[in-house]
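Encoded as structure tokens, here's the structure I'll be asking about.
Labels run A, B, C and D following the written order; every chain starts at residue 1.
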């Protein structure tokens, strides 16, 4: 990636050396994460549980669970927001950066009317009077495709269906027209047909509102459907970043390759799966060097000595591996 | 809503029957012949027989129970042997102080538990939290008669602000005189409510909707008071409701310690004088009181949880 | 074809909705939910039959019916030709041992206070599957059959990873030497790489032991990988059934078509239907008359308020839709 | 991910699971109490020996906790009282625990008539304030510790029955109980091997806090003159004696009170630690 060019274009979001550690035992859950995101772009982060993908997006707006500590720099619109004091960060949340979460039922306050939960964000970001807030609430509910917004606004979350709840969560995030939306597994708790609706909605909204999207998921299919660029995380690190087409057609990192080979593509007789042996390491007991080395058939002695350096590719993105899958990938360095 | 309350009252009927049966059977536990026990060992057989007839002891048990219930329904608890007046009047005159004491204790309990619970949850694992939690452990670990003793020692004897005992006349005077008794109960009860509130606040603060609220950019104070507290208050009220029996039980001791002329004191005095019908009546009234206060907490939960409110409406 | 191992014949099951005490007090009427309605299919020896559907479609109820944990309101369930519903006591227990379950949540299905070894040894010893002296050896053999080392026997479930727990659950089910495994969302809780391992394990076990399998999942991909035939459920009804390849190549029910179209494919170039399936499934307490899918069906016409006929296409492929032939001729999306 | 991290952390602590600090501290304190109750009386002399020459003496070297109006050493009496009050704790809790847990387990697992009967009795018993109904029963049976134990057993079992029934209902629906039944194991085996070990910890945890309530109850009744009878050095009784001398000799009531507080804190530490120990990740 051409760093100079990116900085000149002043990306909307840029992470540099972001790490997250657990205060209790010093285990590092996320290490040295860096990526940039232009206005209106859609960026996916994919990984298995424990890879640190959710922790990374939460670190962006300082919503880490108790007992976790973030380091590194997060530039949003050119300003470093990492370590910013809570009150200033709060002003940015919702207004500049919105976020939606995995479980739409628990993400909504069960004892507060849906309409009020949407309007609340408007109130604390302050510009509108009550009548205007109400208008905007209905407007944003329409935007996310909620039928009969006036009636639904006077409902409690438990009175809505799963898909409607996730639309409400989306409406809350979008109420103040943020320029960046962080979505943490937004469709994992939903049925396939509802997932399809929400993914299409996210994609449409991003295009029509010119809003950038960071989407975290464990599902490579979801990435393929709505992301332009994607980062693959394993054991707390980004192991590969690529334009979405390249990731699926010519992955460079052995983990990416093997992850793709773990997805059923048809009957076993025709497309047998070659599972990755073993399981991801415990964050507290991560081996030195490349985190994937113990499970990697291409690993050499050098892999276990130090973390492999990041190698950028001319086609965009890059990878961290001493023995990449594709020789051509290296040729581009 | 009215329909709900009516149905809820209807559900109390089996409990009411149970309570009256227990109270009725209570005096049957007296070893030996109740009539003789009541009259003493020097009574003549004729007198005992007359007493048995008077008490209805010569009839079958179920018939005695029906008579007992019929009298109750008419507000007739019988006569006190010791005070020589209608028990219903005795109970009425002693009910007031007990009710004031219970209400006062609940108010003080909430006045301690709410701010302390919020403080502990907001400053989790910090000094304030530890202090509150230690206070709570010590608070429940103090027997009420001993709290009473220490309060008297400190605030009535050493620094004579409050009276050692009494009830006064007129509400302001009641509230002043009952401050130490009510505080005694609150010191025992507040830790239970406080623990429940802290735990449910912690749980609420770890929920998804708190993430959403923070992601909206709400200030911490609004997240805590506007989102966590409304969800956490219901379990705390439940705990208060579960401990109403404990609260009412404590009044018996506290009234004895501070010489409050309430039902508890009446009961203890009547034990000394073997005034069984009075003991029976007070047990019944306190039982009914607990049932009614529980009903009130149920309705309170209803008002606090909009989901339930809507379900019922 | 030899005699079926499991025959589900016109099975229906209703549940009385449990009202909260509050609802009882408020005088709400008793509602009945139709969980399974007139379902029929059969599973042959060594066959793996897949059942797919979204949450609330009745697939888990069907699993419990097949296991004899629930009794059907109508229809019959035959295991090796004997009606499970007509048996009780010891003979039911003996029969039921022939059908074992692989649970979705391997953690909840293992007693937290029993070691892995004793959990597997218990049924072995109780039913004298092997002589008492051989219980230990057989336990180790079962562990190794599911790919776990003998040292696992001394562990407690909480000390294992999700994939390991699922293997333990499978080993315990195999202890009583069943002829049929019912797997209800058995791989849904697992990460992609671990899921592939467990899928291969199930497939290998099926082949090696000659097991039949009822494999229930919301994920068409894993069903296509593992199963020869598939049934599609919607709101308690089996709407389409047939060989997996046929159903995928030429789905004949609009719901199957929509379901296949809604799966995010791990290929950015994969074609995507122009429009998503609208709306969400109605409540199982208010199943539409006639075709259950008509309220969301893009091809619905007035005739759909009458019960749809079952249209067969040979090779055991059929669909319950008035326009099945038309839909089928449109091919896959 | 945060849930996954938490699970990961849970597995971590389970791997190197050690005894909770509260449990160790509470258990040591309780051991000390039991030792005091067993051995103390051998060391400190007779608690009922009066010495009117030394009545109402403040704490000193000769009388560490002072003396009462009859010149009895409060220290001696408090040490003897430990024995009585620990015994009260044991005898108020044990019968209630055994009766209640058995009834709760049967009611929860089998349901039907036994459940209906047990739960109706529970409903009625909880309608009364515990202390009031116990006082009422003791009032008719006559004061004294034995009658108090009888009274507590009559109503105290309901808490255990409630807890165990609720836990059993919950555990019965959990998949491991279902898995055991699917494997063809009979009711008795499922009940004793799979359910009991998973439900009983709740009752044990409750019992560890119930002991405090039992001791409070016993000493309250002593205080009210309905429990242990004079000249017994039961703590509640000593405190009641001291009330008349609150202005002149506050130490009479203060020290036995402190003893109760310390004993209560020991049990509550033990109980909290036991709760951490017995239900680490058995439920999520």
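One rule holds in what follows: a contact is a pair of C-beta atoms (placed from the backbone, for glycine too) under 8 Å apart; a residue touches a chain by one contact, two chains touch by 3 or more.
Every value quoted in this text rests on a predicted model; they were computed, and no experiment measured them.
Considered apart from chain C, the assembly holds together by touching as one piece. Interface comparison, C-D versus A-C: the pair with the greater number of contacting C-beta pairs is A-C.
Centroids built from CA atoms put chain D at 49 Å from chain C. With each centre defined as the average position of its C-alpha atoms, the distance from chain A to chain B rounds to 54 Å.
Centroids built from CA atoms put chain C at 32 Å from chain A. Shared interface positions of chain D, i.e. residues touching 2 or more other chains, are given as 11. Multi-chain contact residues, meaning those touching two or more other chains, occur in chain A at positions 49, 65. With touch defined as above, residues shared between interfaces to two or more other chains in chain C number as follows: 161. Residues 14-15, 18-19, 21-22, 26-27, 29-31, 137-138, 140-146, 149-150, 152-153, 157, 164, 244-250, 252-253, 256-257, 267-268, 270-272, 276, 279-280, 282-283, 286-287, 290-291 of chain B touch chain D in their complex. Chain D contributes residues 10-11, 14-15, 174-176, 178-180, 182-185, 189, 193-194, 197-198, 280-282, 284 to its touches with chain C in the complex. Across the interface of their complex, chain D is touched by residues 67, 69, 93-94, 96-97, 100-101, 103, 105, 107-114, 122-123, 126-127, 156, 158-159, 161, 169, 172-173, 175-176 of chain C.
In the complex of the two chains, the chain A residues touching chain C come out as 48-49, 161-164, 191-197, 199-200, 218-225, 244-245, 248, 258-260, 262-268, 271-277, 279-280.
Against chain A, the residues of chain B that register as touching in their complex are 124, 206-209, 211-220, 222, 226-227, 230-231, 305-307, 310.
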